[in-house]
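Next come two complexes built around chain A: one with chain B, the other with chain C.
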Partner chain A sequence: MPEPIPLQWAWGIVLYWLLLAGASLLLQRRGHLVTSLVMPLGALGALAIAAVGVAGLVLPGGHFVLPIGLPDLPFHLRLDALSGFFLVLLGGAAFGVTVYAVGYFRTMAAGPLALLSLWYHLFLAGMVLVLLADDAYAFMVAWELMALSSYFLVTTDHKISDIRRAGFLYLLIAHVGAVSLLLCFGVLQGGHGAYTFDYMRSAELTPFWASVAFLLALFGFGAKAGLVPMHVWLPEAHPAAPSPVSALMSGVMLKTAIYGLLRVTFDLLNVQIAWWGTLALALGLLTALYGVIFAAVQSDMKRLLAWSSIENIGIILAGFGLTVIFFADGKGALAALTMTALLYHALNHAFFKGLLFVGTGSVLHSTGVRHMGALGGLIRRMPWTAWLTLVGALAIAGMPPLNGFVSEWLLLQAFLLTPGLAHNYLNMVIPVAAAAIAMAAALAAYVMVKFFGVVFLGQPRAENLKHAHDAGWPERLGMLWLAAACVLLGLFPAMVIDALAPVTRLLISQTLVNDGNWLFLAPVSAERASYAPLVFLLVVLAVLLVTFLAVRRVYHGRIRRADPWDCGYAEQDARMQDSAEGFGQPIRQVFDVFMRVEREMPDPFDRKPHYRGDSRDKIWLLLYQPIADLATWLSAQAGRLQHGRIQWYLVYSFATLIFLLVFTR
Partner chain B sequence: MTTGILLQVLQTLLAILLAPLLMGWVNQCRAWLQGRSAPPITQPYRVIRKLFHKDAVIAHDASPLFRFAPYMIFACMALAAGIVPTIVNDLPFSPAADVIALVGIFALARVFLALAAMDIGTSFGTLGARREMLISFLAEPALLMVFFTASLISQSTELPVIVETLAHKQFVIYPSLAFAAVAFWMVSTAENARIPVDNPTTHLELTMIHEAMILEYSARHLALIEWAVALKLFVYSALGIALFLPWGIAQAGDLAALPLAVLALLGKLLAGGAGLAFLETISAKMRLFRAPEFLGTAFLLAVLGMLTHFILEV
Partner chain C sequence: MALSYTLQVVNLLAALLLLIAFAMLSQRRIAGLVTLFAWQGGALAASTAIVAWSTGQHHLYYSAVLTVVLKVVAMPWYFFRLIKRLDVDREVEPMINIPTTMLIGIVLVIFAFNLALPISQMAGTVTRSTLGIAMASVLLAFLMMITRSKAIPQVIGFLAMENGLFFAATSASYGMPLVVEMGVALDVLVGVFVLGIFFFQIRETFDSLDLKHMEKLKER
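Here is the complex of A and B:
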């Protein structure tokens, strides 16, 4: 059989990245070569993988068997439209992030840098393999490669105990999820004993076992994606990792979980049941609201972004739930709409969250501070970083005409088309779900105003910020790439939807019909709804220009500079502005049932007063703390068996021997 | 097509030019109701003109964002005025943005205003921005739900189609629209910084929201913001009319109905402005943390409206 060209290329790029990973090990003493040679080459690989993804969307898919792996279990690889789409997402985001990383890691010491480059490229290769794997064995190996390499990336600064702790938590939850996936594949093979995806597609599962497989997949992939209540690792691990790594983990790695969920539900399983969708929708909405509420009360800028990732995963999952509901109900066109919306949102999130994370990376690099309470006024010192981050912030807040708005618009459209579902209770659920999505989107704007306003606007809250410097050129180029993607994905939605058509055709054999042309986005029909972001942008620009010129021409452009006016107070300083806690205070007050707030109030006579308000996640306290306590208690009980006397250990051995002799013959 | 574009430009310009007049009318009515001698109805124009003539005073630390924001806010409101049908329906620009995009436009203007308020770094600016975002996180979804109720009835999120369905199809009473109308009124008071959520005439630091955000603005920037505020009130009034009292708006291409449409619009605006002034006079401003409850009620009412539609009208 002639091997398909795009897939060969993809495999070639994986090998190329593995080679680069190996090469960085040899450069332990030549750090500058890692940043000036290995990483740019890695970035080219990312660009190539995006091109392969495009080819996978357009050309017929192919598969081949690699002669590696265990004797009877070779690796099967396959490239189809679904993996092609996620390859585009991966390559596009990873290219910008890696270009950025070239500048970001320049000042790092050579030894750790070489290790970082090793794990970085292994991480990229692992993610690509996850997307290409066509049997459970290859999938799990790639999944573990991805999890382990990202663990080592998270613990890059392993000398800090908090980071080690965060890494351990991540590793733990990743593996609990992986075990669940392993069980899921066990169910999916349906007694064939063959673990290739081809067999799984043909396996006839009863609804009960299909449901078991779906629940296991939802749990396993949900743990990776940060679905509430398995989200606890995310706000710990993302801030701990270096910023480009956070960008990749949040922007791309979380999406591999969405990929897996889509693959299992719509490709490998041959039945879809409506209540799965209801469950996923409910969990998604919970995740979205929970994530955004906690994002609003964070004071650490990377932690804030991590919580915002949880929110976005929730929105994607809500879209997934709707897709399952509609598909199971036989409403193919609606399912195509929501699936397009969820894929679109996944793509958007890769770019804007990547952009925001690398933006915080530049701030961190130049000020050394992650806590928003010690930042401020950076738009004047770091204009490039600030303005490019503003694009990302507006996009994630769902502002037209940027990309975040389009996917939310598509999702909201789906809610409006729903009357007449088979189950009556669903007709009640849908309006409530629409309200929840709308509220999450509005709160996201709150979060982004807080993030951008506190970090980049206002007066510098600390002395050292006056010496902050802007990002260098590689960083700027990386951010420009990501920001340009946010703008273009927002301006040309009709083209993006056309490009997504093969994916929906593959999974649910239906595509979203665009009733408009390339300019107008009109899902279903132009009478129902349409949106033309390019026209929108041009009109805004035209009005801006006309207003500006008219004001200048008819009146004047005179400006006088003065001190800010503050209602007659004689003295002002930066401490009079809202701190991050202060800005989140209303949300904390409105939603205080969800969180446990720890406050530290200053003494009124304190010369340097310090206020701290920490909002803790109640799920951690209610769900995980008991498990952790139980584990500690059990190990303490086990510790009783060990008192260091040799006689007792001999007794144990003897008892074990007797036990084995009795029960096994 | 040419007539369409001409009408589009005409209607948008009309909205932009008439907006301060509506503001003046509301102020006049309020003064009458409160037993004060009223300023002339053209007072907002005079204020705007005066502000344009002055030199802009800008804080030393102001970033370009601060100077850019007023233009952006004004452009957003002008755009919104271009989408909402006031006298004619089905304009060439309306397919570019539907009601969800309209909510997005309002959100965009609000985000820019809040960011500009935080730019100088005074305590009042951030205070105003924080309060504004608090108000909006409930008001925005409530507004969206109101639109959704209307969209579910007319099977479209396009404003022209909604107006067409509600105004020119056979007359049906929709219970869901009653919920939506109440919610819409509550949201509009919040979004336009009116009593009982905010007070447009106050500069008392403990209570102000919108005014706190624009304290640092002066001259042409302030003029643009004031104009945009007037325009926003106009657009919200036009939206209320289009959703709940759409009778009289001319159909597409029906030029003969235009004079009547203008008269109908003026009549409705006069009545609506007087109503707003009356409601503002008889109610008192709420404490800030009552506002989330007020808007939460609006949000729930709007969701109830949608549920009512699913229960009674499908």
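Here is the complex of A and C:
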């Protein structure tokens, strides 16, 4: 067997990160070394892992067996096109975020910083191992490594009780999901008793057991991805974590769940059934709409972004559902289109959501405020952060020529091409689904207008914003990297789609046919629809330039500077601007069945009126609160066993002894 | 017949063991309890030695010697010293009154005999008929632990349980391997010393050895 070189590199990088994690533990008193040495080295590792991923996409993958793990149960690793693609996503996003983190964490105290760096690198290593694992055992170990290290990252500020609570919730749901995955692998091995993925591929499952495995996988990975109704941890944990960590969790970690779902459904299972797709599509659409509606009513900027992540996961999952439907229906070309769209969107989301989270990180760092009601006008104080965040905001809002547009456009193309499925009712429902996706995309744009407008535009809403300073150079470089990726992924979609071809070929033995060329993107057929982002950009730039020149020429020298018309208000101050709550108000009115609104109305005679409106998730109340109450009640009942009298404890063991003697002879 | 003669002696000693177990249940004074415990150890050692002689299992001699040294000499001596130092030899009212305890004990003995019947039919040893007695003395010792509220009687109950187990091992399979027995003996010895130290600590903290003071240690 030829040596699988890229895979060895990947394993080498994992070891390198583990080494860095250990090294940061030794630097408990030298915080400056952690930020100036360990983290930049870690960033280089991320870049290398992206290169390995590219190699995995291009070269034939390899696999090898690691002599670690339990006796007779070694770790199997494999690198193929699917893991290669996700390694590119991980490495690319993690590089930008880690470079940013070098600057962001510079002011942190040395002790916590060393621990953070430890968990940070373990987290990266865990995610890479999840992508490389080739047996259920290695996968679960890596999955837990990822979950636990991210838990410790979320609870970095563990002195705040809300953060501890968020961390606990995250850990709880992560483990409920992990149990489901464990059961899923148990079903997948189909009675072989062997847990390598190779055996699982060859296991012949009946449709019933295959469906059970799929449902368990959907639940388990859905819990990690933030699928409604398992999403409750996400809006709590993401704001609690330090911003670079939120960026990694939202941008990369959620994608490992998508990876797992693709791996199980298309690689490990031998049959795919259409109703799985319908279920995933329905849940995905629900998640997308639910996420974006709640994003629109948030007034905490990181919470807003977390809800927006839920929305994007919903879109990706809807694409996944559609892929399953098409594939089970034998429409390979369309399946390839939707799968390309979902992979593309996953990649895009990693970059723009990473960018937005680190952007809010810079704002948080320089102002100390997360609540949007106390921000505003930062574009003048923090031009770098503001402009780079604007790129991310435009990308996530789906504005051409940036990357968000391409993937959503591809997905909508798939929806528009659907008529002709074998199931009549699906044919009728899919236009509605397309409308739902379009609505989610439109609302996402609305959310981003709110986010960017309230935080960066207008006048500062608080005094201390006057002292806000812009991000330092490492932060700027990290954001530049992520923003550049957003732009390039948007400008050269044809190349990205070519690069994605090995993944779709591996999973559904079909690739997306690009009917255009490197400049024009035309999925399936050039007559139906095509898109040329470079041409689009050039036209936009040309129009701008012409307008600018025309205005300069016509009005040159005739400028008169005066106060703008103030609509009759003699005095304008920051409080008169539209606030975050105000911006979300229409959405709250329309969708108030989904939420429970807590309001604090100001007193009319209050000199400094303060308004607070908090929209809470009703799913928490309807689904989780009863479970929590039941658990509390049961533990209270069990607690009554504890009398504190040693005699009673002896009676318990005596009764157990008698019971066992009677019933086991 | 020599065998049946020794067997009768073993049966007699077993009956003595059971009698002592009942006596321990009804004993109110701690010093009396320790004396009974020493007697029980003596009966145990004697029966082990006789089994060893009659069946030619030489390792059982060592067990018998170990029992005498530990349970007849060392531990009772240690307990008497403890009682003196802690000054606790007063009458203790058990949690459940003594006639009731005795009745429960009789039920337990019937239960143990009923339980041991199928097992002793399977065992191939000459002493198999005493298995019921061994189990009964385990259960009775457990009952004693439950009904006493002071720390020292509980430890003695625990040791009496160990006696019963030892007797069960001898009667069902001519004892455990010597290594295991040595290990158990060492554990028991160390356990007693540790508990002795605990007695002092408990009394220092609560001014009493009554375990009901420890109820406040529970949650809430």
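Brief remarks on what is shown
We take it that the second predicted complex is superposed on the first by the 653 of 665 C-alpha atoms of A that agree within 3 Å, B and C clash if a C-alpha of one lies under 4 Å from a C-alpha of the other, contacts with A are read in each partner's own complex, and residues count from 1 in each chain.
Quick note on the criterion: a contact is a pair of C-beta atoms (placed from the backbone, for glycine too) under 8 Å apart; a residue touches a chain by one contact, two chains touch by 3 or more.
Just so it is clear, the model here is predicted, and its values are computed rather than measured.
When the two complexes are overlaid on their common chain A, residue A:I658 makes contact with chain C while staying clear of chain B. Within the superposed three-chain model, A:G639 lies in touch with chain C and out of touch with chain B [touch as defined at top]. In the overlay built on the shared chain, the residue A:L650 is in contact with chain C alone; chain B does not reach it.
After superposition on the shared chain, chain A has more residues touched by B, the comparison being chain B against chain C.
Judged by the touch definition given at the top, the superposed model places A:Q8 against neither chain B nor chain C.
Contacts from chain A toward chain C in the complex involve residues 639, 642-647, 650-651, 654, 657-658, 661-662, 665. Chain contact summary for the complex, chain C toward chain A: residues 95, 111, 115, 118-119, 139, 142-143, 145-147, 149, 154, 211-212, 214-220.
Within the complex formed with chain B, the chain A residues making contact are 376-377, 379-380, 390, 394, 397-400, 405, 409, 412-413, 415-416, 419-420, 427-428, 430-432, 434-435, 438-439, 441-443, 445-446, 448-450, 452-454, 457-459, 520, 522, 526-532, 535-536, 539-540, 543-544, 547-548, 551, 554-556, 558-567, 572, 574, 576-578, 582-583, 585-587, 589-590. For chain B in complex with chain A, the residues that touch the partner chain are 52-53, 55-61, 63, 65, 71-72, 74-76, 78-79, 82, 93, 95-98, 100-101, 104-105, 107-108, 110-111, 114-115, 118-127, 129-131, 133-134, 136-138, 140-141, 144-145, 148, 151-152, 155-158, 161, 205, 215-216, 220, 224, 289, 292, 299, 302-303, 306-307, 310, 314.
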